[in-house]
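Order of writing sets the labels: A, B and C. Residues in every chain begin at 1.
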Amino acid sequence: MAPLLSLESATKQFGGLIANREVSLTIEPGEIVGLIGPNGAGKTTLFNCITGYMHPDAGRILFGGTDVTHTRPERICRLGVARTWQVVRAFGRMTALDNVVCGALQRTNRMSEARARAGALLEFTGLGGKTDLPAATLTLADKKRLEIARALATRPKLLLLDEAMSGLTPLETTAAVQLVRRIHAELKVTICVVEHVMEVVMPLSHRVVVLDYGVKIADGPPEGVVRDEQVIRAYLGERRAAR
Amino acid sequence: MSRIALVIGAIAAIVYPIPLQLQGYTYYQTVGFLVLLNAMLGIGWNVVGGWAGQFDFGPQVFFAVGAYTAALLFVKLGVGAWLGLVAAVVVAFLICAVLTYPLTRLRGHYFAIATVAIWMIAQPIGATWEFIGGSQGLFIPVKPRGGVVASALSLQFSGPTKALGYYYASLVLFAITLALMALVERSKLGYYFRAIRDDQEAAEGIGIDSRLYKVLARSITAAVFAAGGVLYAFWALSVFPEQALELNWSTLPIMATVVGGIGRLWGPVLGAIILIPIAQIMSTTLGTGPLAGRGVDLIVYGLIIVLIAAFRPTGLLSLPWARWFRLRRSATA
Amino acid sequence: MTELAQAVVNGLQMGFLYALVAVGLTIIWGLMEMINFAHGEFLMLGMFAAWGLSAAFGLDPLIAIVPIGLVMFAFGMLVYQQLMRRVQGGDPFTQIFATIGLLFLLQNAVVAAFTSDYRFANDTLLVRLGGAKLTLLGLTFAVPLLLAAGLALVLFLALYLLIERTEFGLALQATSEDRDAARLVGIRPQRMFAVAWGLGAALVAVAGAILVNFFSVYPQVGLQFTVLAYAIVALGGFGSILGTLLAALLVGVIQSVTVVYLPPAFKDAFVFGSYLLIGLFRPQGLFGRF
């Protein structure tokens, strides 16, 4: 089966800093892939390139067979990629429902249908009772759920979660992991998570990709990756600090 | 807008000029005309400024485009005012769309200066282009038609019911604009505009083509301003570049919108009802008599604006007593 | 060809004056991202002050820039503390609205005091040097304009050094980069903003005092300079002082070259046309930060 997402030697440079150096990876439909690496490894840059906010200086990115290397973000969303943001970005002045409606309007032009779908997704993500609250007043955990609901409203084939667990309490983190599992199992969405919390990423992912200083240094099942020499070295010292 | 307030307001607006007519106070009908015109422009500006959140200081250009288009069609081809209005709206929409699309790569204040730039370029064009009369402008010859219906259809009122006629014409246009913008607000367009305002990049991430929708927002505003320009042209019976392109045609509606509450559909209405009569009253009291020509009325006006801005920055519609006038789903503002 | 070269030279000199007009805006905007419609009104006040002092006491505008600068510095700080501080955190349109109100206030206060009549500064040094010319490389330099441009350049450089080389200037820059981080190192943002407004008002008023030698003085003279100053600041890139200088020179040149070939009504149109053109290729201006 053809991979859903395919990066071929993607390279992205900012002046003298090479954020992504010839990164090649694939994501198969139905996988949950974890993308990890020390701070500054280039994970968010990779996400930005995949979703069209930046364009690689070299290499190609293909989604579902279509070359999206130089495509704008809105078009990539239309093709079926949705993302959440490292620093949560809800539409603060709108209600939670309206936030998700904006996402749903991507796939339907009928307001009633969009609102119904939005309501259902808010229930799914556990925000059922908060539909009419202004997004800016929600807690951080709820805002993250809102972002996920809004992203899901665009009916993505691939969902990219950028540090969705950061800033959450242990209880909130467990709930978030359950949500990710449900999205994968019930909505049949392929997922790629960027995470720092090892206890979250390892059990969740079918496969883990490790970046260090812009280079992919490992790619395989979690059990293999944690034992990989290079990975251990990259995390030396940080491994003890990870929760 | 709560239903009761809406009905009361509508009745008040319809009935307002009648006692004035009977007493012969046509000046106040004209004040009403100006309130409605500026409220209409404010509602139009709210689309690009309040909903889409773009700094746009150039819609007066499309006010002039509307005025000139309708005036030209009438003077050169004898096209009636209302048909001319439709044409003017379409022309303004298209010109704005074409001009704005390349500008969408400019963000924030750079975009604002670009809108001013178009205005600055339009000024000498207006003053020197002979086809539209240059600095001599265009005159709309008055052809008074007898009868109410004929006058209304040609948008030319004269005689003792002149101000009355224009008042009702502006009321009709205002009502149409309000209704249309209310539809826009609840539509996909409205949602997308507000998404772009709140976070443009996040909006793009859920599939919103920010460039397209910025162009649409601005062009809708342009269309409303063009309609206002047509109304103005047939009221003033002349179109001069300095008058039609005056910055006041955008600053006054913007001020009305900010005073009333930016982003709220009825904001500009409240703002216009407050600001314009104040300006008029002051110019007739403080601006005449011993202090005439000394700008005292404008000093007070400026002071009022400064005080409102300093002490009620979120606009007057956010005051508790104004809750009767607010949309029920207030979080969509 | 020499007509063109002459126009360029004249434009450059005007450009230095424009740079002084615009740089105050760069500081205020660069620091607080605030739009100020009343910027030109500060210039107008500087002009009136210079004219008034010249007419009443025979004080030459070039000397008067010192007291005018000081007074307007205090005035700018006052405007910030009483008005702009209150609207700072809110909607940007409210800020704009507030400055429009300020514009009405200031402009009409002057109308009330002096009427809208046009005034001229008659007996100043530069006016008396009116006909003096300097010829260099086949190009004519009018001495008054040359001296004024020189003074403007000196003041501009002084400001540049203030911002780039002094601790105060660094504090100002730090606040504009990251308000909270600045707080952490003991800088008080509110104070920086007040000083920025003071500096901005003082600089543009001083520019007005210099310009009184060349332009007629009337209460409505400010708006055209406000619009031009914004174009310059945007063209140079909001927040870049060097960008402001280069953009101002460019604008001066565009204006005077345009006037050679077209009616004067078009000179600003070409400035803004150039802005649009440059904006298409460099949306952040020549030296803009983003």
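Definition applied: contacts are C-beta pairs under 8 Å (C-beta built on N, C-alpha and C of every residue); 3 or more make two chains touch, one makes a residue touch a chain.
Owing to the predicted nature of the structure, the values given are computational and were not obtained by experimental measurement.
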## Note on the structure
Hopping only between chains that touch, the fewest steps from chain A to chain C number 2
#### Entry: Most central chain, Cα average position
B
### Message
When I count C-beta pairs in contact, which pair ends up with more: B-C or A-B?
### Response
B-C
### From chain A, the most remote chain by mean C-alpha position
C
### Task
Measure off the straight-line distance from the CA centroid of chain A to the CA centroid of chain C, and report it in whole Å.
48
### Message
Could you work out how far the Cα centre of chain B sits from that of chain C, in whole Å?
### Response
32
### Task
Round to the nearest whole Å and give the separation of the Cα centres of chain A and chain B.
44
## Note on the structure
Among all residues of chain B, those touching at least two other chains are none
### Summary
chain C touches at least 2 other chains through residues none
### Task
Under the touch definition given earlier, write down the residues of chain B that touch chain C in their complex.
49, 55, 102-103, 105-107, 109-110, 112-114, 116-118, 120-121, 123-125, 127-128, 247, 251, 254-255, 257-259, 262, 291, 293-296, 298-299, 301-306, 308-311, 313-315
### Task
Write out the stretch or stretches of chain C touching chain B in their complex.
29, 33, 35, 82-83, 86-87, 90-98, 100-109, 111-112, 115-116, 219, 223, 227, 230-231, 234, 238, 263, 265-266, 268-269, 271-273, 275-276, 279-280, 283-285, 288, 290
### Task
Enumerate the contact residues on chain A facing chain B in the complex.
51-53, 72-74, 77-78, 82-83, 85, 89-95, 98, 101-103, 105-106, 109, 111, 114, 132-134, 150-151, 153-154
### Contact set on chain B toward chain A in their complex
186-188, 191-192, 194-195, 197-199, 201-210, 263, 329, 331-333
